[in-house]
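Sharing a structure with you now.
Chain naming follows the written order as A, B, C and D, and within any one chain the residues start at number 1.
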Amino acid sequence: MLRVEARFAAQGLATHLGLRLAQSEPGHCVIEVPFGAHLTQHVGYFHAGVLTTMADNACGFAALSLMPEGQEVLSVEFKMSFLRPAAGMLARATGRVLKPGKTLSFCAADVHVVDELGREVLVATMLATMMGVA
Amino acid sequence: MLRVEARFAAQGLATHLGLRLAQSEPGHCVIEVPFGAHLTQHVGYFHAGVLTTMADNACGFAALSLMPEGQEVLSVEFKMSFLRPAAGMLARATGRVLKPGKTLSFCAADVHVVDELGREVLVATMLATMMGVA
Amino acid sequence: MLRVEARFAAQGLATHLGLRLAQSEPGHCVIEVPFGAHLTQHVGYFHAGVLTTMADNACGFAALSLMPEGQEVLSVEFKMSFLRPAAGMLARATGRVLKPGKTLSFCAADVHVVDELGREVLVATMLATMMGVA
Amino acid sequence: MLRVEARFAAQGLATHLGLRLAQSEPGHCVIEVPFGAHLTQHVGYFHAGVLTTMADNACGFAALSLMPEGQEVLSVEFKMSFLRPAAGMLARATGRVLKPGKTLSFCAADVHVVDELGREVLVATMLATMMGVA
């Protein structure tokens, strides 16, 4: 999974936000970030844009991990549903490939937040289409 | 639109990314950001997460501008389609309310990038559901 | 679950297409339809519109099963991804509630087709938002 | 646009529902259906599944009209938002191509209902991804 690690690290945004590639296996990827004031929306929770960036990353790198060497992954589209306010100490996006393909890969990601007692709550879920390009 | 300006400024993420509230009118909102290395995905373009954060903001604040005083706006869900690679000097998200409502507001946003010659290209489009809460 | 059965039967479209309410439990619903020429798209498979109608029903009635008596369920929005061509003898949509709520319920559905040997294949998946109204 | 007409007519579902191909031009397509009891959901309005089938058709055939001869169009995914109850005498889906492509075409459709006085109301809107296959 060195390719995934390299592509993850090449993202200016991931560094700027403090995202971590917590896990990378074929067809599976976990992205985490500890809470910080730079990640908030207007009432102080994790911003939908942060959770979406993480889920997009988790889906994209899960898809990339199954693509032939030399391909890059691009986001075609995604849909994100926000089930609960994202208040917590850490956010974690877990992405998986629902169906890999030569051109398109269908992926899903769940985003949980973890509170100070270690309890995980599902706060958002994504359905995404990723494309492999030469 | 002082309420929109205040809520926009209250977002830690918007400040951290360098987003600007370029325009705010009833049912309409424009968010801009100049290109920077901190906003990139792994091949150097604007990251999908940045474009989505901007479109989410543009939809959310367009919706908030039509809500009764005292309400906050939350993102229920959105879908984003990425039409073209987002290479340019500036990204601009333009949000509008398709249908305001007591509980739910349906919104849409287009995201353009502007190149060094001032040419605008549509790179992404969002369909979103926003909710007003007390 | 008599309420779900009654509301299912009240749909002119479900009868016209030949949909069956195969299972209904709290927060869970299964809709089936045997293949027929009246359900096809232009290359002879199950039409995306049929699969979507089934998934919408499966999500909506899963949500309704958790709502207070007297409420009706309306589809706020959904997103459907089509993973594979839907060729088979039977289509089955299985819906579940991801998060019930006083106003909004977030739901998901998977659609499988079953071939002549009884093998199931996942062909589509939905993420939906349902609303309870008085 | 004979190709679009031929592909439209090849759909068993379109005939079964009574859909009409009202207009077909390059990158543009209109589908209509008069109200009938066979098209209803459980409170007597047009069923979300009917509106979605129409919007999917309008997007798909708008995309097909710009594809090279010999290609078929498949729905990759779509998202549909339901803005208002769809009560009326006629439903009309108007699809357009936002961005055509060699592999993927991004499309949008608006669905209106027309009441007995001829007034049109926007009831739903779709964002879709279509794929051309040999």
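General observations
Rule of thumb we're sticking to: a contact is a pair of C-beta atoms (placed from the backbone, for glycine too) under 8 Å apart; a residue touches a chain by one contact, two chains touch by 3 or more.
Everything numeric in this text was worked out from a predicted model, so none of it was measured.
Relative to subunit D, the most remote chain by averaged C-alpha coordinates is A. Simply put, of B-C and B-D, more C-beta pairs touch at B-D. Averaged C-alpha coordinates give centres for subunit C and subunit D that are 20 Å from one another. Centroid to centroid, with C-alpha atoms defining each point, subunit B and subunit C lie 33 Å apart.
Look at where the CA atoms of subunit B average out and do the same for subunit D: the two points lie 28 Å apart. Multi-chain contact residues of subunit D (touching two or more other chains) are listed as 76-77, 79, 81, 127, 129.
If you check the complex, the residues on subunit D that touch subunit B are 79, 81, 83-84, 98-99, 106, 108, 122, 125, 127, 129. Against subunit C, in their complex, subunit D makes its touches with residues 7-8, 10-13, 15-17, 36-43, 47-50, 52-54, 56-57, 72, 74-82, 85. Within the complex formed with subunit C, the subunit B residues making contact are 76-77, 79, 103-104, 127, 129, 131.
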